[in-house]
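Presented sequentially are two complexes of chain A, the first with chain B as partner and the second with chain C.
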Partner chain A sequence: MYINGIGNISPQNTYDQTMGEGLVASENAFFVCQEPQYKQFIQKKLLRRMSRAVRMGLAVAHKALEEAKNPAIDGIITGTAWGCVKDTEKFLETIIENNEQYLTPTAFVQSTHNTVAGQIALMHHNNCYNMTYVQGAVSFESALIDASLLFMDGKAKNVLVAGIDEQTDRLKILLKRLSCAQGNHPMGEGAACFVLSDQNKENSYAKITAVNMLYRPKDKDIVKNSILREIKNAGLELADIDVVMSGNTDASLEQNLIPDAQVVAYKKLCGEYPTSTAFAMAVGAKVIHGDANTKIALGINNANPENILIYNQHQNINHSIIILSKV
Partner chain B sequence: MAKRIFITGTGIISSIGKNLTETLDNIKTSNSGVDKIQYLKTIHNPNIPLCEVKFSNRELAKMAYGNTERKASRTSLLGIIAAQEAWRTAGSPELGDGRTGVFSGNTVGGMDLTELFYADFMQDELAGDIKTMLTHECAESTERIADSLGATGMVSTISTACSSSANTIMLGARMIKHGLLDRAIVGGVDSLTKFTVNGFNVLQILDHQYSQPFDQNRRGLNLGEGAGFIVLESEDTAKPESILAELVGYANSNDAYHQTASSPDGTGAYLAMKGAIETAGITPDKIDYVNVHGTGTNNNDLSEGFAMQRIFDEKIPKFSSTKAFTGHTLGASGGIEAVFSVVALQKGIIYPNLRFETPIEDLGGKMIPETQLLENQNLNYILSNSFGFGGNTSSLVFKAFKDS
Partner chain C sequence: MDELIEKLKVQIIKQLNLEDVEPDEIDADEMLFDADGELGLDSIDALELIVLLDKEYGIKIKNQEEGKQIFHSLKTMAEFILQHQD
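Moving on to the complex of A and B:
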């Protein structure tokens, strides 16, 4: 699968450029997205009713499509663990406050996890394949695997794949109480969207040569062997991996497994959130495509990295492996 | 080489039974699950009837974990019970390291517990048992199901509103077809919550009486809860004696018309049905029975009816909505109705569309569902429809498995 277009809204300045020069740090253990001006592509009256998750989703889809020169899209697949949090809270709070009376449907209809994918279809009048994955830290990976199946089925030339999660003030309180948000381990949010294609174009950023996920692996050897298998399936040797973009606080497994690769921590730019690997894939693809600012932001030393492994795991329950390679 | 996909196990829990046997007994006696509210704490009792699973959380915990004290969301409990039945009836096949997928469809996750927590939390941001929030996400029930089976392969959750579990069936089939998995347990679960009841109520699509799908005088839907799972296996690993039916067609589309309403001409529904029949490699006239989405809302039944007329022209196959029995179980409905489709093929039965009286005028007065249980039917192909908010539409085609 080739990455032919990217839209990335993140805590860094990544929407209108590849990566802003001044990097933003987290505040009080949270990263918050830098959002673009939406009214350039979403009608004002629609915009008013849309939550940030939906706005961000539509904006990154718009950008990814524009970069890919607006090809016909054969699939719209999103991944989100938290879903449309704001609208869910809004409806739930009104139910409780008003004792199930005097409700309005807007928040409810926009609270469903498939709202972003549905709105993208609606906005682009597209009846194509449409799917939403909600599998915690591997929601985005599920979407990528589904896209690869569409290509295998010969059902698609271009597929839109996105990973979206939004923070809210209430969610921040909950995450603090769950001890998730710590000074040295801030929480974040983001939306990243990709036009994936079976065709290598002159504007291709990189290709995805492996995607896999593991659930509750019994021991570390299973994880290591899975990473090795994905490297092999990608047609690579261990030594071909130049950089590991790790989402883990303890990156010893990946560093020991691939000692010659430089291991960098991508969450220092976006924080912890379930679809953070979508951010990692967006910036990783730009690095492979030769973007200097992104390379500096991530602290990558290698002049021309050709193969990047993205490895992330959540509480040793969900593990994700993605490999990006130079086109 | 694409692999054939066989169904080797079924599991179901809904307002008409905690397993397949009870479910079929209630179908035979036309005993619908719609009733006045017994379990959900809501001010809408007794004005809105629901299709509740007739057990308390403690009783469900006993069935799922053998322990009434076990804390879990109602969603997880229902999911485990149906998934365990599906797995058991498939002969509890070897999990095969990482070769078994667990895919579940779900819309509100552990919202039943979140609602309780949130009432405290809104009073005081430090109040309530914060661990409750760990059961909030949709994926939680899927992971509890995977854990109850000991599965360590690909585990994923789909949330495309009311078509969620039909889409998990499609995902499982495609993973197996390409040899990425040997088998998958697929389907979905949802439990009733104040959140959904009030959401559908404020959309004014709930029937305050017993619903009448595909009837001229239909008033809306009855919400239900439950879970339905089937076990899909590759032709390479399925034991011939375990095979119940074959999954031959599937398609997913988007209506792209409105966030909640279906398009008047049923574009999404038409594309899903057409795609599923094409994937099956058959012509529409081969379909013997359609298990329609048939929610009982004005909008859905009309738009689905138009789409069926476009697909089948004058020759509409036998059809019925089993939601008159189970209510609309949202994320679970595609899984529950897949179980109904597989059992119909196995036993040669067609389910009655309870309470149907008058055909819909705008559909030419000619779309008349089956109103009696039909037995000894020679069924080869069944089409099952699942449509949802966000324009998501999916259809599946099941084929009878005959030894000859």
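Moving on to the complex of A and C:
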């Protein structure tokens, strides 16, 4: 799968591709997205009903398609763990406040996890394959694997894949109570969308050479073997991995396994959220494509990294591995 | 009547989340559901307005045809409320 277009809204200034010009710090242990002016590509009449998750999803889809020169899309696949949580909160609040009466349709209609994929399809008048994965910390990876299966089956030439999660004030409180924050990473949010293609184009950023995920591995050896297997399946040697983008506060496993690679922590830029690997893939692809600003922001020393391994895990429940390679 | 229209403007802006619309910008005689109009409300907004009438004024609309007349403009809404409020 080739990455031919990227749209990325994150706590950093990634939408207009200026991340290296001044990094945004987290505030009170939370990262909040730097959002573009949505009115430039979403009609005012539609915008008023959309929560941030939907707006961000539409904006990154718009950007990714624009970068890929608006190819015909054969699939729209999103991954989100929290979904349109703001509208869910609004709907539930109305139930309580109005004693289960006077329920209005808007928040309910927009509260489902597949709202973003649906709105992208509506906006682009696209009635192709449309799927949303709600799979905890591997929601985005599940979407990627679905896209790869479409390509393998010859059912698609270009697929839009996105990872989206929005925060709300109430969610922040709940996540703290549930101890969902791990290590020293602030909580975060973001939306990243990709136009993936089975064809290498002149505007291709990178190639996705491996995607895999693990569920509750019994020990570290299972994780290590899985990483080694993915590297081998990608047609690479251990020494070919130039950079490991780690989502973990303790990166000793990946550092010990691939000692010659530089390990960088990507969540210092986006925070902890279930689809943070979409952010990692967006910035990783830009690094491989030669974006010096993004490389500086991540603290990557290698002058010309050709293979980047993204490894993330959340509370030892979901582990995921993505390998990006130069095209 | 004028006071009720002003109140309705504020309530509608809030209920329909009409971003960037100020109460002064809404003409009481303007068609609410004109696709080419300033407000350009749609069928989902109609449901929101039905709920608003029920919740805020205790008035239920049972007839679809009746609804078309009531929601023609802010003025017709206000007239209907004044006629049907206890």
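A few remarks follow.
The criterion applied here is as follows: the second predicted complex is superposed on the first by the 319 of 327 C-alpha atoms of A that agree within 3 Å, B and C clash if a C-alpha of one lies under 4 Å from a C-alpha of the other, contacts with A are read in each partner's own complex, and residues count from 1 in each chain.
The working rule: a contact is a pair of C-beta atoms (placed from the backbone, for glycine too) under 8 Å apart; a residue touches a chain by one contact, two chains touch by 3 or more.
Model, not experiment: these values are computed from the prediction.
After alignment on the shared chain A, the placement of chain B and chain C results in a side-by-side fit free of clashes. Across the overlaid pair of complexes, the angle with its corner at the CA centre of chain A and arms to chain B and chain C is 70°, in steps of 10. With both structures placed on the common chain, the touch criterion links A:Ser142 to chain B but leaves chain C unconnected.
In the superposition on chain A, contact of A:Ile96 is made with chain B only, not with chain C. In the superposed model, A:Arg48 lies in contact with chain C only, and not with chain B.
Once chain A of one complex is fitted onto chain A of the other, the partner contacts of A:Ala121 are limited to chain B, with no touch recorded for chain C.
Of the two partner chains placed by the overlay, chain B and chain C both lie in contact with A:Thr104. By the document's definition of touching, of the two partners only chain B reaches A:Ala81; chain C does not.
With both complexes superposed, B is the one of chain B and chain C in contact with more chain A residues. Superposition on the common chain places the nearest Cα atoms of chain B and chain C 8 Å from each other.
Comparing the two complexes, residues 101, 103-105, 109 of chain A contact chain B in one case and chain C in the other. The touching residues of chain A, counted against chain B in their complex, run 76, 81-83, 91-93, 95-97, 99-101, 103-105, 108-115, 117-119, 121-122, 124-136, 138-139, 142, 145-146, 149, 152-153, 173-174, 177-178, 213-218, 317-318.
Residues 42-44, 98, 102, 106-107, 114-115, 118-119, 121-122, 125-126, 130, 133-134, 137-139, 142-143, 146-147, 151-161, 167, 171, 174-175, 178, 194-195, 198-199, 201-203, 252-260, 267-268, 271, 388-392 of chain B are the ones touching chain A in the complex. The touching residues of chain C, counted against chain A in their complex, run 15-20, 40, 42, 44, 47-48, 51, 54-55. On chain A, the positions that touch chain C within their shared complex are 44-45, 47-49, 98, 101-106, 109.
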